[in-house]
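Presented below are the structures under discussion, each in the form of structure tokens.
Heads up, the next two complexes both have chain A, just with different partners, chain B and then chain C.
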Partner chain A sequence: MGRYVIRRLLQMIPVFFGATLLIFLMVNVMGDPIAGLCGQRQCDPATAAQLRKEFGLDKPVWQQYLTYMGHVFTGDFGTAFNGQPVTELMASAFPVTIRLTIVAICFEIIIGITLGVLTGLRRGRPIDTTILLLTLVVISVPTFVTGLLLQLLLGVEWGIIKPAVSPEAPFNELLIPGLVLASVSLAYVTRLTRTSIAENARSDYVRTAKAKGLPRRRVITRHLLRNSLIPVVTFIGTDIGALMGGAIVTERIFNIHGVGYQLYQGIVRQNTQTVVGFVTVLVLVFLLANLIVDLLYAVLDPRIRYA
Partner chain B sequence: MRGATHARWAVCAVAVALTATACGGGGDSGGGGASGIVSASWGDPQNPLEPANTNEVQGGKVLDMLFRGLKRYDPKTGEAQDMLAEKIDTTDSTNFTITVKDGWTFSNGEAVTAKSFVDAWNYGADLRNNQRNAYFFGYIEGYDKIHPDSGEPTTKTLSGLKVTGERTFTVKLSQKFSTWPETLGYSAFAPLPQAFFSDHDSWLAKPVGNGPYAVDSYSRGSQMSLRKWDDYPGSDKAQNGGVDLKVYTDNNTAYTDLTAGNLDLVDDVPASQLKNVKADLGDRYINTPAGIIQTLAFPFYDDAWNGPNGEKLRTGLSRAINRQQITDTIFQKTRTPAKDWTSPVLGEDGGFSDTLCGDACDYNPTEAKKLVAEGGGIPGGSMRVSYNADTGSHKDWVDAVCNSINNALGNDRACVGNPIGTFADFRNQITQSKMPGPFRAGWQMDYPLIQNFLQPLYYTNASSNDGKWTNDEFDKLVDQANAESDTAKAVETFKQAEEVVRDQMAAIPLWYQNGSAGYSTRISNVKLNPFSVPVYDEIKVN
Partner chain C sequence: MSTSTAPLLDVRDLQVEFHTRDGVAKAVNGVSYTVDEGQTLAVLGESGSGKSVTAQAIMGILDTPPGKIAGGQVLFRGQDLLKLKEEQRRKIRGSEMAMIFQDALSSLNPVLSVGDQLAEMFTVHRGMSKKDARAKSIELMERVGIPGAKERVRQYPHQFSGGMRQRIMIAMALALEPALIIADEPTTALDVTVQAQVMDLLAGLQSELNMGLILITHDLGVVADVADRIAVMYAGRIVETSPVHDIYQAPAHPYTRGLLRSIPRLDQKGRELYAIKGLPPNLMNIPPGCAFNPRCPLAQDICRTDEPPLYKVSRERASACHFWQRTLEGEEAATDD
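Up next is the complex of A and B:
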């Protein structure tokens, strides 16, 4: 187990460098960002040169990348164009997005798995068909439609929530945005759990458990559900990374000042430092989430062993 | 295995607890904030909040509340009026003697003196400080030493600035510029307290100025709370208790928040909501002229666009654009078809003229077709109009302009839009002279002078002369106008220069942009100044 974890951690190193290099190059391809800083006029050449020097843009790309990586290892992620250190931006943005992700994941787990179990055990009954149909609707409607619709209905028409989340973004204000963010994944989790449960319900070990005379509740939670959760856990695990990085749309609609907001701002202003910094952290989150998922397999299914 | 089960139940329990407390905690809904406080939408300023470093509206809003300069542009007429200036004297339009009024202080108690101005201007001009607006000091003598085009600056002060007393200083310009004092209302010329220089970082974290408001708290990127400064010595004291500026990523969300009653003021109504705005807000929607004009500029560095009969081609294209129809349908009348190259906010006395462009701006497909043909036709038979696609509704109107041109010329492939991903890239391609055809050029005035609508845009090698248009007669007339000490005569000469722009059709004027804002029932007396910024200090909370 320990060896396995170390091997996986080592594998992260090339992925980390590759990902940052790719992002770095991609942002660079967009061209010189300085021209956008002077509004509708040409930056005077002296100031532009000075700014380029300050942000290290006067050097060749490979040298910029090396300097940047050197700084990253000392904890310095550079400075955004508005003079704020990127680490400061991260400190304000990540907690917000993490809270949003937690809310979303909770919705996925609680609602998604519950509905999945419910439908899986009642295959073909009206409740199964209804929920399947509903998930189909949720999957086919884009997030920004759900988001804007809920915002308009709950925020403006009925006045239950505030349409925009305050800068502090406490958990209670993130409930609806979290639901919107989770909606599509939630539908997938439901369907995934349903299929898995339905399949395993016919398996030998469930029949044996039933034959032993175990109570139905115990059969479902201990034997059926645990074995059926493996694909679901995989999905939710990879979804953590996707939710954190993919919250741009939701964060925009509800004015949440999280990672998506900073990334959007960084891309529009072509701020390499911000974009690369945030994406680097997101890559790490993704890698770690995947590792944890793999380790969870062993917990869920004793037949899986890592060496 | 048992451990895992427990872990799972623990997660669920936490989740349930979270949702439960969350549901219970949603009680504090309601209006825009404490009594007397206005909550308003804001965007994250692009550059650090320093007076000489702020060149866009969002940062400008704050500076307008935090600072008062020597002059201030009247929020209604745009006229430059003395604010901190007791008098500005000159005999030769080159040497100015400025006296600062007595009794002004910064909100930290420090007196505003001549030194506060001179230090601030020296800081703004110094190349080492990376100030985006440094070129505003370019007319002052010694600018080339403190801000050389290449190499290191050799001095730390502008030689044209001299403190001659506690409240007086002299300015020497490097050229005659009679209306120079009227540029002093621009925020780059604001005075700065010593704290700005001695502890720059903490000043940036919580700026201190001499305006009607003082910063209460500032969390960068999300919110700034400004409170009325009770000891403000000026006559334009704040009429409300303070302003909370909230950053919105998307102006649609801000608008939704306004309609839900969580926000008092939105100063940029999104284009997509213009259709609903009357129904949503009624008379709480304002739409007033601002000093912004949109034009189509041409790449004069490209021989194809700089041919012998080029002016006929360009005038023809101008006459092929149905401005009225586009402003009515796409912009819902928040733009006004342009009749000259300035802006209505200047007023007739300031040089605005609704007849100057005349026929050249009138939609007439037959004339257009004729003129384009006489001008040698569109280079290559087809042109691409470039614009940045990341902000605003540029795509909509560029497509409409192209449609209008195509219909007028009876040629479906005469004109097509050329979107460029980001503003920075768009500016890059412009500064590198790589525009493949006409391109979007917007201009928001820095100060309400006709000079500001002409010189930076059409003077040879001027900072915003993106098309690299050059014309000796125009340059001569502008020089002449700047040297003219009589304002009325100067304006007349500028208008003559503008006629050269018309005859050569250096850029096609499209429309004047209005400022728009919507507000809640909580507040009243909301106005926009000619820079399309709300006049915060006059807002009353009901």
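Up next is the complex of A and C:
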């Protein structure tokens, strides 16, 4: 197990370099970052040249990358054009997004799995058909529609929530944005759990559990659910990374100053340092989440052993 | 009905149907049999003959829907189980009647240790503490001959060999010393050498605890050694019941004869194996008259119109064949060989 973890962690190194290089190149071909700084007007050539020299943009791209990586390893992710260090942006943005992700994951686990078990055990009945139809609606409607709709109804029309989240973004203000962020994955979790439960409900070991005279509740929670959750855990685990990076739309709608918001700002303002820094950290989060999923897999299913 | 002479299990005219999209499959059509304490009844028949479904209906673990018990009684110690509430039936399951399944690997939960799965019987039915239940589980594993039970109690089903897994299934069924055990092809998934060991273990424990045993199988070799009585099933009906030795000497139903003839024999080495012609009927469309008539060498017009009742052949034997006498005398249609 220990060796497996070390091997997986070592594998992350080339992925880390590859991903950062790719992002760095992509951001650099987006266009001249200086041009964007002056808005609609043409920049003063002297100022532009001075800025280029200051940020090292006059050097070749490979040299820029090496310099950047050198800085990254000393904990310096560079400076945004407004003079704020990127690490400072991260320190304010990541906690917000992590809170939002936690809320979203909780919704996925609690609502998604509950609905999945409910429908899986009652396949073909009205409740199953209804929920299945609802999940289909949620999956097909884009997040910005559900987000804006909920914001308009709950926030503006009925005044149940604040339409915009305050900069501190406490948990209670993140409930509805979290639900919006989770909605599509939640529908997938429901469907995944449903299929898994329905499939395992017919399995031999569930029949054995019934023949042993165990109460129905125990048959479901101890025998059926644990076996059925293995694919669901995989999905939720990989979804952590997707949710953190994919919150751009939700964070924009509810004015949450998290990772998605900063990334959006970085892209719009062609702020190379911000984009590369944030995406790099997201790549790492994604890799770690995947590793944790794989380890959790072995905990849930003793047949899987890593050597 | 509850008299001291009542058999342990008395199944009367049991009927089970499966309602599917394509129609109603009549899996069990009026099966009756009895099992006494300490007695072994072998239920014989090919796949789809309704032997396992009957067992599941007795245990009360039939999937309903699509399954449906359409009629009959299951009297256990004189009490009709089909009339009990689910909670009462649940308490009987596992503690008073238990079941051993065919494939121990898929029948044991892959993600729980065997110790947990055994201990569950004691904690749920007897309210034992986890520690006591664990000790009991180790005891059980030793009793069914699993070496190193103390260490192996923590292991998972996939870490055991096929024979050892089936021993664990047996241990689980015997945990609360039930009065009745239903073993659904307990040795089919095992190697031949292991089969004998597992069968010996089961038979030994059965006589030790004086349990009634329903042994569902299609292995006639196993039956001869351990069974007291045989019930042969075909298309959801019992076609012949008999004490075990009589049936081997002179079967009273052409289907039983066919089954016995299809056993490979050493003294007939080199000769082509006998097989009953045709296929078992589709349970959604059982032929009128005797269900076996399309495959029967003795079939006459009456077999295609009248369903044969269970004729009494002798005090302990019955056969559902219009021509049981001719079968008993060994007559076969000239075209058969």
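Brief remarks follow.
As a working rule, the second predicted complex is superposed on the first by the 307 of 307 C-alpha atoms of A that agree within 3 Å, B and C clash if a C-alpha of one lies under 4 Å from a C-alpha of the other, contacts with A are read in each partner's own complex, and residues count from 1 in each chain.
By definition in this document, a residue touches a chain if its C-beta (ideal position, glycine included) is under 8 Å from a C-beta of that chain, and two chains touch if they have at least 3 such contacts.
Note that this is a predicted model, so its numbers are computed, not measured.
Judged by the touch definition given at the top, the superposed model places A:Leu9 against neither chain B nor chain C.
When the shared chain is aligned, chain C comes close enough to touch A:Ala211, but chain B does not.
Applying the stated contact rule after C-alpha superposition, one finds that A:Asn227 touches chain C and leaves chain B untouched.
Once the two complexes are laid over each other on the shared chain, residue contacts for A:Val145 go to neither chain B nor chain C. Comparing chain B with chain C, more residues of chain A are touched by B.
Of the two partner chains placed around the shared chain by superposition, chain B is the only one that A:Ala164 touches, whereas chain C remains out of contact.
With both structures placed on the common chain, the touch criterion links A:Leu22 to neither chain B nor chain C.
In the superposed model, A:Leu134 makes contact with neither chain B nor chain C. When the two complexes are overlaid on their common chain A, residue A:Pro302 makes contact with chain B and with chain C alike.
Shared interface residues of chain A, touching chain B in one complex and chain C in the other, are 222, 226, 300, 302.
On chain A, the positions that touch chain C within their shared complex are 202-205, 207-215, 218, 222-223, 226-227, 300-303. Chain C meets chain A in the complex at residues 59, 61, 63, 90-95, 98-99, 101, 103, 106-113, 120-121, 124-125, 156, 158, 169, 172. Interface residues of chain A facing chain B in the complex, by the touch rule stated above, are 30-47, 49-51, 54, 81-84, 88-89, 92, 102-103, 106, 109-110, 151-152, 155-156, 159-164, 167, 170-175, 222, 226, 251-255, 257, 261-262, 264-265, 267-270, 299-300, 302.
Residues of chain B that touch chain A in their complex: 1, 3-5, 7, 11-12, 15-16, 18-19, 21-23, 25-26, 29, 44-48, 55-56, 127-128, 130-132, 134-135, 147-150, 204, 219-223, 246-250, 253-254, 256-257, 259-263, 390-391, 421-428, 430-431, 441-444, 456, 463-464, 466.
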